[in-house]
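Look for subunit A in each of the two complexes below; its partner is subunit B in the first and subunit C in the second.
Let's look at the complex of A and B:
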């Protein structure tokens, strides 16, 4: 069964959601809210952004009508699946004082069993990267692990690329190759609207048993592959990753960092929307009489002054040092730390930067100045 | 258990609208706990009873706009162990600091029948320009939970959790879609300090900058982007001349565009 491909007709997609509900999954997927496509609870196919697409560029995102009724005819929005696996705000524990003793009450909130509908290949890779950060080492994050273990993943292969997408450069897409339970490729061909479904796991096969399917013909598979290949040809951005770690390490004092610092707002949006950025801060709060306390974990960002605050002040006081820390960690020191790049090419940091700073452009500027210098010396 | 002496708290008003000090009374659910934990020794909005100083905490609302207030704040400082300013008036001069960009004598001659009776200063200035301030709580008005947090931190001898990063962090944590990116709505969020809970963007409005400039605000870059969104120089001046007009980064930005 694993690796097998079948067809599901458009009208049977609801059935897929119904089966997941029957199995006790809370289905979350793309839906339109506040002028963007976000991931939220969806009970019915009708809640998907049917017939919508997104146009993205540096610092701009717009929803647009499509001329068909595609269910997944867009790319990624501002919020990744990170918000479900690594919640923005999480109570870690509470403490109560009774007499001289202190009672610690761990967070016992029930962990939802999510089925993610419409995970893109870049996002799958982002989840693998966070797996390495949170669960693959000496120190496992129990909160992430508890959520991660329970999820069911329906991936969607991208058949179009967004204006800020560069998964091809990062080798993370557009086709989902591993880590999904089921992977869909949407095909609209004249009047016919159907999905080629690849089975990734036994769990996926089990769910499919209760959904009407047909065997996929070689022509269907070819049609699906062609569409994905087309998306790969149309990436809105490119990032040359040749020797990237060394390139950045060699250029820690490059004037480009000063230039980008004149534009960077240090607002932290790029880190918040990044599907791999994982930093948090913990805050202790007390009640007025000092009888109860709580420790809360919140998303944090290397763009804030507090992030690098040690006795006496912030280590990264300048904007330049904060932007450089973020970019070089993401694309270079991440490799040393976790054995993989921290970037999956989803383009969110470009689109959702309020002033459109483009990570691919910053790297290109450094690379080009270096090769210009080199040819000057040779010349 | 020996009876612990409760800290004495006083609330002082200077040039302001009272909105910030009323935030203390807005703490309806927590009010009994507040009253149990502290001795409200001087708070004319809540009670006529006044206890003599010195005070453990003084919450100071409002800006300094008159010679009399300039003297009075010295006295408040003298009798306060810990002085916390609350709100945009006390920390940046408030909306009344718009006078700082004009000649106040002209206003007086236009507004008052007998200008000779008016005794006022040329500028509306924040408390910290006059006395040492131990903590500045931002906002127009302040957020009541932040006020509780500051009082709470003081009572428990810990550092208050009052971040100085951007409003954007609050938007992203609560899952609001960026109004500037998705709609092209000019928003001051990227240069404004968090604390309000990112209310305006949650209602599809751009941030008005009520909490004043964030740490290391890059107003120049944001203005350049606003120009691209079609905002005129005049409207840029207006945007930065709100409740925190006289806070240095906002003041400099508005002055830069006033000259263009």
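Let's look at the complex of A and C:
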């Protein structure tokens, strides 16, 4: 059954959610909140952004009505699935002090069993990247691992590209090829609205058994492939990744960093919306009488001044050094650390930057100035 | 006031979650300088604490927070956990007010270590600046415990003033040995309080006894001190792969997850804190990396 493709009609998608609920999953998917498509708990298909799409560009995000009733007719919003696997705020443990004894009680909250509905290929790759960060080294983050092991993933292949998308450059999409339980391609053809579903795992096959399906015809598969291929042709951005690590390592003192620093507000938006950024800080709190304490982990950002503080001052005091740290980590040192780029080309950092700084543009500027110098020397 | 508790010999404690500290009880405190103290801890359950010279722990002060501190005890005495702490921050200041019997939380040991095993057969030169002597002391203990395995050994130590020197009694003891060259200098001193060398620690390097081709250098101190020490060692003919340094960065987790300690492609907490110099030379000295 793995690798098999079947059809689900639009009216049977609710059944898919119902079966997941019956199996004990908390279904999470795209829905509209405060003018954006975000990921949150959904119980019904009606909560999906039916008939909506998004328009994205540097520093711009707008919802717009579609002229059809597509369920997944948009790309990615400000949230990523990171929010569920690597929670923004997490209590690590509590400590109790009485007299001369100290007891530390690890957080044993029940871990939710999530079914993610509508994971894009770039986002699947972001999950694979965080898997490497949290579960592939000498230490394992038990909080991430516990959540990750339980998830059920319904991927959605993109049939349109967003204005800031560049998954094709990063080789992370638009078609989901691995790592999902089920993958949907949405097809609206005249009056017919259906989904070509690829089965990725036994777990996926088991869920599908309780949902009305039909075998997919070669023409259906062709139609799905064509739509995805079309999306691949329409990427809003491009990033040349040739020798990108070496390019950035040899340009740590490039004047472009000073230039981008005049625009960057160090607001940290890019790191919050990034589906792979993993940095955290910890906060220690006590009750008023000092008998109980708690340690809480929170998302942090390399754009804050505090991030690199050691006694005497911050290592990265200038805006330039903080932007450089983020970009070179994402695209260069990440490769040394985890054997993969830290960027999946989802474009969120471009869209949600309040001043529209564009990671692809910054790299291009450095690359072009280098090749200009080179041709000058040859000239 | 000295309170001594006797820990028993039982197996090493294992915590499944690397973010959860294990309680340790303060046994003894010694004042080193006006703001620096050496603490000896014993685990509450009596377990031993094996570590390698140069490694560090995350020390948790109840309700206040956690701080990375290198281990400064003898690696062959794992029943006692020794840390030298200078009161400079929000955690270390109240930390330095701990009294024997008080309990802290400990996570570790973390990070890379000084190459004391690999250096066997070679001469060793140890260059320390200020509190940088603390992470080097376990390496000195190891070398002295196994003195016969090494060639000539030189310990060069620089402090800001005579009052800022750590481990004075031990320095004097080591200096009294016939098989170790110990040189100490201070940046500044009043004539009536100090008759020794005055000047920065790098001034001691030209007179250290070692064979430049068969020596391992272990260096720890402020980055600026390490930079100039490396230059002096290079002048003596050392290659970059003979020099080891210990780096310091902000740390929240010590296990490579929080991202704070990144230093180029390295996580100081897991790839460091001890680095062979040739592996970081491209970024060492670059501003704000």
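FYI, the second predicted complex is superposed on the first by the 379 of 379 C-alpha atoms of A that agree within 3 Å, B and C clash if a C-alpha of one lies under 4 Å from a C-alpha of the other, contacts with A are read in each partner's own complex, and residues count from 1 in each chain.
The definition used in the following text is that a residue touches a chain if its C-beta (ideal position, glycine included) is under 8 Å from a C-beta of that chain, and two chains touch if they have at least 3 such contacts.
Keep in mind it's a predicted model, so treat the numbers as computed, not measured.
Examine A:92 and indicate which partner it touches, taking first as subunit B and second as subunit C; both and neither are also allowed.
Only subunit C is touched by A:92; subunit B is not.
One more residue to check, A:286. First (subunit B), second (subunit C), both or neither?
both
Once chain A of both complexes is superposed, is A:351 in touch with subunit B (first), subunit C (second), both, or neither?
So A:351 only meets subunit B here.
Pick one for A:64: touches subunit B only (first), subunit C only (second), both, or neither.
After superposition on chain A, A:64 lies in contact with neither partner.
After the superposition on A, what does A:264 contact: first (subunit B), second (subunit C), both or neither?
First partner only, subunit B.
Once the structures are superposed on A, label A:79 by its partner contacts, choosing first (subunit B), second (subunit C), both or neither.
first
Kindly classify A:214 by the partners it touches after superposition: subunit B alone (first), subunit C alone (second), both, or neither?
The answer is neither, since A:214 touches no partner chain.
Both subunit B and subunit C contact which residues of subunit A?
Shared contact residues on subunit A: 284-286, 290, 317.
Hey, which residues of subunit A end up touching subunit B in the complex?
33-36, 38, 59-63, 77-79, 83, 88-89, 262-269, 272-273, 283-290, 298-299, 301, 303-306, 317, 319, 351-352, 354-356
Flag every residue of subunit C that touches subunit A in the complex, lowest number first.
Contact set of subunit C toward subunit A: 16-23, 25, 44, 62-66, 88-89, 101-105, 248-250, 252-253, 255-260, 262, 264-265, 267, 270, 282-283, 286-289.
With touch defined as at the start, can you tell me which subunit A residues reach subunit C in the complex?
92-93, 95, 97, 100-104, 106, 133-134, 137-139, 141-142, 249, 252-253, 278-282, 284-286, 290, 293, 295, 297, 300, 302, 307-311, 315-318, 320-321, 325, 329, 332-333, 336-337
Which residues of subunit B touch subunit A in their complex?
It is residues 30, 33-34, 36-37, 148-149, 151-153, 155-156, 158, 161, 163-166, 168-169, 172-178, 180-184, 187, 189-191, 204, 215-218, 220-222, 224-225 of subunit B that touch subunit A.
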